[in-house]
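Each of the next two complexes has chain A plus one more chain, namely chain B in the first and chain C in the second.
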Partner chain A sequence: MFKAILKTQWQWTRTAVLLAAIAAFTMPLLSMNSNVPTIQPRSFISVMQTWGVGYVVLAATVGLAVAILAWSSDHRGHHVYALTLPVARWRYVLLRFGAGVVFLVPVVAALGAGALLAVTMFPIPQGLHTYPWALTARFGFAALVAFAIFFAISSATARTAGYILGAIAGVIVVQFLADAAGLHWDVVSHAVDLVLAYPGVLSVFSGRWALVDV
Partner chain B sequence: MTFAVETQGLRYRAGRNFAMEGVDLHVPTGAIYGFLGPNGAGKTTTIRLILGLLRATGGRIAVLGESMPAARVSVLARVGYVPDRPHVHPSLTVAQSMELHAAFHARWDARWATELKGQFRLADDRRVGSLSKGETGKLMMLLALAQLPELLVLDEPTDGLDPVVRRDVLEALLAYVSDRQASVLISSHLVHELERICDWVGLMDRGALVAELPMREFKSGIKRLYVTGAPALLDDTTPFTVLSRGPANGAAEQWLVRGWTPDMHDHVTSLGATVTDVIDLDLEEGFVELLRSFRDKR
Partner chain C sequence: MSSLGRWWLAGAAAAILIGAPRAARAQTQAEYRARVRALVPVWHEVAALKRREDSLAALTLPSDTVRSGPLVLLADSALVGFARRVAPPAAAALDRRFGHAAEILRSRPYLLSRPDSAGSPDSPISLSEVDGTGQARYVQSEPPDVNAMVWAVTHRAAAAIGASLGGDFAHWLGGDFPADTATPAMWTGVRIDLVTSPFAMARACYAGADSACALALGVAGTDDPVARWFDASERRDRVRHLTYQYRADHAGVYNACVTLGADTACAALLRLMPTADVDPPLGASARQSLLTLALDLGGPDAVTRMEAAPDDRGAQLAAAGGIPVDSLVRVWRHDVVAARSSNPSMSWGMALTSLLWVAACGALALRSSPWR
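On to the complex of A and B.
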């Protein structure tokens, strides 16, 4: 059953996965290559941190794409096919989720390979250290978190998605009204901190994402 | 008599404009049950309720002796379903669709599926999204049949298909039913098509089951009578059901009746009336007249 789901889901996920794998492989190589003329450790780290944003964006994008694509075909058929299969609904969701997780593996592996190759190929200033395994693990975890969140959202009804968007819009509206009333409330920053700062659900996306650091 | 599908007091509401109130449907085991009704009558909704795709607001549903939706998984393993709109993933090929379907159906007959694929002239490598309407209809029928179901639920399976494809699909269905003694619930508004293949018929309109009876009774029992000297009221002893009555030419009245047999002339005579003509209605006329009388009563 899982094999069949894996095989069919691959049909509409493969392009996104292959593009993401290419991006994940080349990103560490490009980040190091762009640093070759830079010999000052501080400048080196600064450039590496700029590239760090790229890893965050890529992890979120991969998670989003694989999650949306996992459900795209079922959405198109209004879930009629899935709902008439003789399988418990929770089990079907688990099959789709499992297949999505498997498709994250080649992207994470490509990033790992690219990172290992980059630290072998390019010199780094003295006193700095490379973190290819840590970066790969962090990328993998972030992609998994993004996938899980977007998978849950896209598996839900349009009404649920509306509630989530409504909640985000609500925070922005409250901020706007607070500003208009001259109140010094930074609602958006608090909301962002709540989610992004440890132990927030998206805290894996914040902090330092560098292949080379002190 | 046992029933492949049985609903009791089935209730459902979708918005303000559509409601089903107390539908009692009985599909006898081994029968081909034609589910007739105009567009929007509630046929698809009833089918979706039966299969657990929608949740009823009241009533009881039993499919193949098991309660729905509680026994959804075990029931769906024994039911082949062809929906009114294609539900197969459009990006998959024919072969991939069959492979996916086979993985979920333990009783999948791969050899017969291959035979049907040849019979329907479906190429393995064609994408479902690129198939014509007729080919998609054939693929859905193939998937439903090759899982060897005890009950086939077909929602307008031949709607929009050309006569050749329609014949192919119905032939495959009839061959399967005669081989396996399966039960079939087939909805359509193509009355003549059902007339040829069904042995039971249920008529639905505006969320209500108007009539449910054996096809031969339906075909032979619904007549239009021309009656002169008709009494204003009929007593309880009348052995047939008057579905509607209205003026005809001259002094005659036109009655639409169910359950009429020639020996009932005497009963009409005993009421002081005379039946001057008896017209046989075909299924389509009977269907239209039944709906008309039902709507008049409402």
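On to the complex of A and C.
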């Protein structure tokens, strides 16, 4: 059963996965190629950290794409295919989720290969260290978290999506009302901290993403 | 064209030819000095006008005063409520950090004002220091946010407290007197400075030599910094970057150093410079981190002890930290090197947290049922 789900889901997802894998492989190489080993090490690190944004965006994008594509066919067919299968809904969801996780593997592996190749090919200034494994692990977990979030949203009903959007709008409305009332509450900043600061749901995306660092 | 018109044109052409400027040329140094000398009286006149203007402004200082501990904030009626929210947390932070040393702030009020008195509540608030004569000197502007202003006030107050330690210490520090305790971000920044420093003494420090750390930070070797802080190539490099005037005044020694590579010439030339102009190999942020560590270790009375210590930066830092300066530098090096562990791209805690969130999202997906 899993094999069949994997096969069909691969057909919808493969283009996105292949494009993401190419981007993941080339990004570490480009980041090292854009640097000059003779420049000041601090500048070298700055360039590396600038590229860190690219890894974050790629991890979020690949998670989003794989999650949305996992459910796109079901949404288009109004879930008739799923209803015709002799499996419980929870098991069907698990199969879709598992297939999606498998499709993240090639992208993460491509990033790991690119990172290892990049640190082998390009020299770095004295005193700095390379983090190809740590970067790959972080990318993998970030892509997994992004996939899980968008998978949950995509598999949910319109009402659930409404709740999520409502919660976001609620924070903004509370901030607006607090400002209007002259209360110095920074609700939005606190909400953002709650999500991005450790152990928030998106905390894996924050912090330093650098292939080369101190 | 009439004859009158022709005569007029001819006259204009003759005037242009006679009055044509000479070929453009650069001004000489003498001319430049003369111009500067001519401008000095104008500068004095403007400065005097500014002083008179400031005196008039001092007469119109707001009368509302907010006191919290040693901290005194002046504000007009529109900002007195804001000042009341700023003063207690700022005073508490200063008391925690500087203890009795913060008492000097009683005679140094800060003024909160809006440049445009009819400005909107969202317009920035100016922070000024009021000196003994009642003159307000603008320092900076902050948005009307209590936390931002608390930060600004505590940092300005820390600078005022640090100034009591004397110019030599301030020059060595090379930056703001630290108002905050050490943070992982600070240690990470210093670690970058240390591992990427081009100076041999800094590299030796990173490699594990505590004595090299003391030299690289400029808390040791102050008797002959030129010889003890730098190696021969670094001395030559520093000489190469001296000002043109300095090089011209000592052309012979300069050439012996740079062209012939004579280290004695390089050292001799650098020793002609005022000692204060020779900066230690490690930068201001590293030195600030050493002081931050000393203040953290020493507690609220650290600055008071520094003020009572002999006028020597090593002794002052030892007094602040309550430990010998060698031990202080050893702890500093340990914290800088350990900062690497706060800078990995991934940690086990982060991995576990991510997996928990993935499981939570998966559980949510299992619960929802779009076809029910």
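Methods note: the second predicted complex is superposed on the first by the 212 of 214 C-alpha atoms of A that agree within 3 Å, B and C clash if a C-alpha of one lies under 4 Å from a C-alpha of the other, contacts with A are read in each partner's own complex, and residues count from 1 in each chain.
The rule we apply is simple: a contact is a pair of C-beta atoms (placed from the backbone, for glycine too) under 8 Å apart; a residue touches a chain by one contact, two chains touch by 3 or more.
What you are looking at is a predicted structure, and each value in this text was computed from that prediction instead of being measured.
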Side-by-side fit of chain B and chain C on chain A, or clash: fit
Touching partner for A:Q11 - first (chain B), second (chain C), both, neither: first
First, second, both or neither for A:L83, with chain B first and chain C second: both
Contacts of A:K3 with chain B and chain C, given as first, second, both or neither: first
Larger contact residue set on chain A - chain B or chain C: C
First, second, both or neither for A:P199, with chain B first and chain C second: second
First, second, both or neither for A:D213, with chain B first and chain C second: second
For chain A as apex, the angle formed with chain B and chain C - C-alpha centres, to the nearest 10 degrees: 150
Partner chain(s) touched by A:L135 [first = chain B, second = chain C, both, neither]: second
Three-chain overlay, closest Cα atoms of chain B and chain C, distance in Å: 6
Contacts on chain A seen with chain B and repeated with chain C across the two complexes: 78, 83
Of chain A, residues touching chain B in the complex: 1, 3-5, 7-8, 11-12, 73, 76-78, 80-81, 83-88
In the complex with chain A, residue positions of chain C that touch it: 85, 121, 145-146, 188, 191-193, 195-196, 203, 206, 339-340, 343-346, 349-351, 353-355, 357-358, 361-362, 364-366, 368-371
Sites on chain B touched by chain A in the complex: 51-53, 73-77, 79, 81, 83, 85-92, 96, 99-100, 102-105
Footprint of chain C on chain A - complex, ascending: 40-42, 45, 78-79, 82-83, 89-90, 93-94, 97, 125, 127-129, 131, 134-135, 137-138, 141-142, 144-145, 148-149, 151-152, 155-157, 160, 182, 184, 186, 198-199, 201, 203-204, 207-210, 213-214
